[in-house]
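All chains are identified by letter, namely A, B, C and D, in their written order; residue positions are counted from 1 within each chain.
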Amino acid sequence: MLIVMKQDASHEQIAAVVKVIEALGYEARPMGGRSRTAVGIVGNDGAVDPGRFVGMAGVREAVPVSQPYKQVSREWKDDRTVVELPGGARIGDGSVTVIAGPCAVESREQILEIAQILRDMGASALRGGAYKPRTSPYAFQGLGEEGLEFLAEAREATGLPIVTEALEPGLVELVADYADVLQVGARNMQNYPLLRAVGRSKKPVLLKRGMSATIQELLLAAEYVLAEGNPNVILCERGVRGFDSASRNILDLTAIPAVKSRTHLPIMADPSHGTGLRTMVVPMSLAAIAAGADGLIVEVHQDPPSARSDGMQSLFPVQFRELMERAGTIASAEGRSLTPAPETSARI
Amino acid sequence: MLIVMKQDASHEQIAAVVKVIEALGYEARPMGGRSRTAVGIVGNDGAVDPGRFVGMAGVREAVPVSQPYKQVSREWKDDRTVVELPGGARIGDGSVTVIAGPCAVESREQILEIAQILRDMGASALRGGAYKPRTSPYAFQGLGEEGLEFLAEAREATGLPIVTEALEPGLVELVADYADVLQVGARNMQNYPLLRAVGRSKKPVLLKRGMSATIQELLLAAEYVLAEGNPNVILCERGVRGFDSASRNILDLTAIPAVKSRTHLPIMADPSHGTGLRTMVVPMSLAAIAAGADGLIVEVHQDPPSARSDGMQSLFPVQFRELMERAGTIASAEGRSLTPAPETSARI
Amino acid sequence: MLIVMKQDASHEQIAAVVKVIEALGYEARPMGGRSRTAVGIVGNDGAVDPGRFVGMAGVREAVPVSQPYKQVSREWKDDRTVVELPGGARIGDGSVTVIAGPCAVESREQILEIAQILRDMGASALRGGAYKPRTSPYAFQGLGEEGLEFLAEAREATGLPIVTEALEPGLVELVADYADVLQVGARNMQNYPLLRAVGRSKKPVLLKRGMSATIQELLLAAEYVLAEGNPNVILCERGVRGFDSASRNILDLTAIPAVKSRTHLPIMADPSHGTGLRTMVVPMSLAAIAAGADGLIVEVHQDPPSARSDGMQSLFPVQFRELMERAGTIASAEGRSLTPAPETSARI
Amino acid sequence: MLIVMKQDASHEQIAAVVKVIEALGYEARPMGGRSRTAVGIVGNDGAVDPGRFVGMAGVREAVPVSQPYKQVSREWKDDRTVVELPGGARIGDGSVTVIAGPCAVESREQILEIAQILRDMGASALRGGAYKPRTSPYAFQGLGEEGLEFLAEAREATGLPIVTEALEPGLVELVADYADVLQVGARNMQNYPLLRAVGRSKKPVLLKRGMSATIQELLLAAEYVLAEGNPNVILCERGVRGFDSASRNILDLTAIPAVKSRTHLPIMADPSHGTGLRTMVVPMSLAAIAAGADGLIVEVHQDPPSARSDGMQSLFPVQFRELMERAGTIASAEGRSLTPAPETSARI
């Protein structure tokens, strides 16, 4: 439930509402909006009687939140969440943010080289896995902390903020020491201890939709992060499991408007995993932007055929350049623009 | 197999190839391309030895067609198929063709009124079902031939060519007497007698992808039509069955590049059935265009809440106007344009 | 709606109810049950007021049918439907009926030989396609009417009733002249003109679930047949489209209890199409029986590797013998038995 | 690759093979079989030349393992793995093992009462979640360590070994201190750090198939556990995500024969999560046994309507009694029997 205060409600009146909520055994979360304050009741509040609040001084109304998710809902917060990255990129502000990079950090040279290429072509952030979740235990599992160090070096050199995956709760702090955005992969969308751990971090979280997760399940996963106090979640559609080998997955772009109508959080698309085929990445990127996505996360490698993972779906740099040009054109057709590349001076 | 002739091959040399094919018990299909002729072997030709043709006078090469589909493949025909409609619309020529109209023809007044509205807003063709496949036997099944007459009247009044569904082989001729394009619905994608019947018609065919059909199955369904001699097939992605009730179906836009890389036939998208929700139709229409679709088929009703079928997914006219404007902008961002509305003088 | 009469209701009282229904513009369908008569209102009767019937002489109650399907529902008819075949097999009476045979009739010799083998091993009916729906237009499409004649000859020789597929409305009468059961295949589950045509036939109908059809859609497809006056429908689970190439389809046995709780119609399982792999047919057959299926329809070929279609999923005769033995054991564990093979004297 | 030794190979010959493998930079894993020893090469051994081993003293052959999984494959180990539980149950020895219990441990009284009921009705082990993965952060998350203590007490009282879920790597040791079998849930099937952690434990692992995991992905997840040195993995089919709300999931019994043909590990079925509906649990349990499952894991609650989670799919005790009776009958029809309940004296 959300207790919406009157515009001119006083601090004392808000505090009184908080007190009642806590007396009922729930947690109160006061939130200041553009024009008014609301106090959310966190927890499974099905049994709370709205009548308890209506009539209290300064209370305009008590709004039951009809969805199982609360803090991620548009009922709870009407303003769109904008996630800011070091360097100035603002994800969710209407611009189209492009995060690009290799599937995995393979070596110092590789990540430094590709980061520079992507920086020059206009990417807003650098992706790259240091810890890789791999279907087979015998596949390359990433460079680990050394990979994080190379990523940090690439940031130092290019100013690009770093997006990289955290695979387990125990490593979240370490990854957060290096990363600007913590990625939670599709396989971990319902790894609740991990969600709680990134929820306790101060870094923004890029949360990918699970292989066959419903929109509601995705939003509830995000709710885990917000419930721990981290409001900076970027959702990401990355393809759902389909029945046709013509593509690795079905990039479900209906998720974009479905998510936007339910939550204030931004949503990006990952056309690389969403299709699994290099030739589909550009058209599906453009489609995602046209559908309203707040940005893209795209795999690019300086030499895809020799990539240690996901080579089939990684773009050649020249294809990424084409993507950026066409993405810019599509965005401006809709009155939007690509998020500007970071100021070099903006690096940490 | 495809026997590709040299550029300067003579009629006699082509005839000799045809003769050999027929002597082997297969059907030969000579096809003139932009710069050369090729002779296709129709039928299950797995056992034919290419060596039989290599070395014949005028023969450049014998190309095995690696896919189970043949005539629809890009190996068979390199030029993109352009389907022309009365009034001048050319589907597949690079422009974006918008077919619009109600789910079902409900009355003379209804179809005449909406046709005029759509004509004024720039639609290229009018859709409307006279025979409706309905999940329940007790649901409205369409007006039948009377509906076809109303459609013809709407064409007379507006110049818009008519796209309407044929449900069974025995009615194809009747429907073709009125329609400009014969629609085969998703439920009938593998109704082979119907595919053969529309294949024997002279009218273009709009073939919708089945609920859980693979791209290969869709192309093989089209092959049935071409194998009967009708080359004018427009494919249509209309959503596949998903697991999430957030949308009625998943509009699978990966099908657009997947189809385009395999066949010379044009492909449209149906965001109305593909999402089932009015609010998703505009974003998914724009996404389909950005993904490369040759056009859209969209449900519009003058009063969706009172529509006899599919009201939830039908646009209000004012939304269709917005769609056309934004579709035009997206198309031009990609160097394309909306197919112009038909010349009034072009009506039959 | 269903108007349930009192046990001692007179013919006049029933006639009076029928008259009221017809006066309201609906069709009335009186049905005698074991102990009482009920009169169903066919058509979309959402607006009919039950109060119109309550209080009429002889009326016990007016039961709204809550599902979109009516005549197939257990609310409409409580007794389980038993479909009788020539030769005495009764599908749905608690016994386990095994229909077996090749995918397609390939020649007179082939079908006569396999029919005799299956008869000797205890099959209750013979399946075999004369008209084959094939994904590719270049694949073997069946022998057509000649195939039907061979099937009839096999019936003559063995006493086994014939189950064969009708592909289009125009051929239903011809197929019904030869067949004892008309099969409607998965691809045609929503081919409504075909459903209506078999609904007008006097022969029982084996209706297969579509590739991605919900249980409700399956029941509504059956409703089309019943609505035309044919009460003898046997449903058949044949696998739904899955995402894993480990099997061709997922034989969805949850459909068996789901169907049984909703309808009085019998339901069989097709483990051949349901798995696509010979090695899975026996375990999944046993599983289907244990789940409560009223029988099996299984592909058997005297020489599967040389079968013209579906060889991968056809059993060798020796495997079919094993299946029959183990099926009998599982059935008797549940207090059931295999349907006895037909009396030879019972042939037509 | 697997280096298969001759029957009379000496220890020295085996040691020589191990030395060569290690010299090549791989890990060698010698495995004694019934009649011969084989030495497996663990790791991505694609580049190893079999010729390096052929011809060495005592080597019979070098078998490339064709699947991406190795140690779980039947090529690697031909004998079926039998997992023994305290109390004597042997999962995978041909008997049908029934694990039963509530979704979650709710209180000391609840778990002690239901454990006794299940013990008396013949269950072989007790399930119950102390740590619950819940879609919503506001749903009951389990009693944690206190729940583990209650489970241990229930084991003390009944002799039933305990099966309970571990949710994160950091808690595996704690859970293993109490549990006899560590469950890895469907949402965590690809939580690789967790798989590694249970792989380092000495306790058997019950690994559930993910919501839309292929059989190959399931086997590769098991490979993670074996690769860490824990050979005692029990696989579990628990339903895949479907498109029909008639059941919560599709219990995919084709997985049973598919798994059995590929691996030596035992596989159970979870008809409770697999269907989500109490009324389907008994028929699908019987079907799973008939399909060849090594056992069942079933949710039972003394009062399902008041269960704190999964009440819809939990059996009443009286239904569980019926299940056990019918399961026993089906098992014996196949020459199998239910795993006997544990000796009371066998408790720890």
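The working rule: contacts are C-beta pairs under 8 Å (C-beta built on N, C-alpha and C of every residue); 3 or more make two chains touch, one makes a residue touch a chain.
Note that the coordinates shown come from a computational prediction; the quantities given were computed from them, not determined experimentally.
> Go through the assembly and pull out the chains touching subunit C as well as subunit D.
For subunit C paired with subunit D, the chains in contact with each are A, B, in label order.
> Measuring between mean CA coordinates, which chain is farthest from subunit A?
Of all chains, C has its centre farthest from that of subunit A.
> In angstrom, rounded to a whole number, how far apart do the mean CA points of subunit A and subunit D lie?
35
> Could you give the separation in Å between the centres of subunit B and subunit D, each centre being the mean of its C-alpha atoms?
Roughly 50 Å, centre to centre.
> Where in subunit A do residues touch two or more of the other chains?
In subunit A, the residues touching two or more other chains are 212, 241-243, 245.
> Please name which positions on subunit B make contact with subunit C in the complex.
Residues 42-44, 68-70, 133-139, 167-170, 187-188, 190-194, 210-212, 217, 220, 223-224, 227, 241.
> Quick one: in the complex, what on subunit B touches subunit D?
So the residues of subunit B touching subunit D come out as 241-243, 245.
> Considering only the defined contacts, which subunit A positions touch subunit B in the complex?
Interface residues on subunit A, with respect to subunit B: 212, 214-216, 240, 242-247, 250-258, 261, 274-275, 279-280, 283-284, 286-292, 326, 329-330, 332-334.
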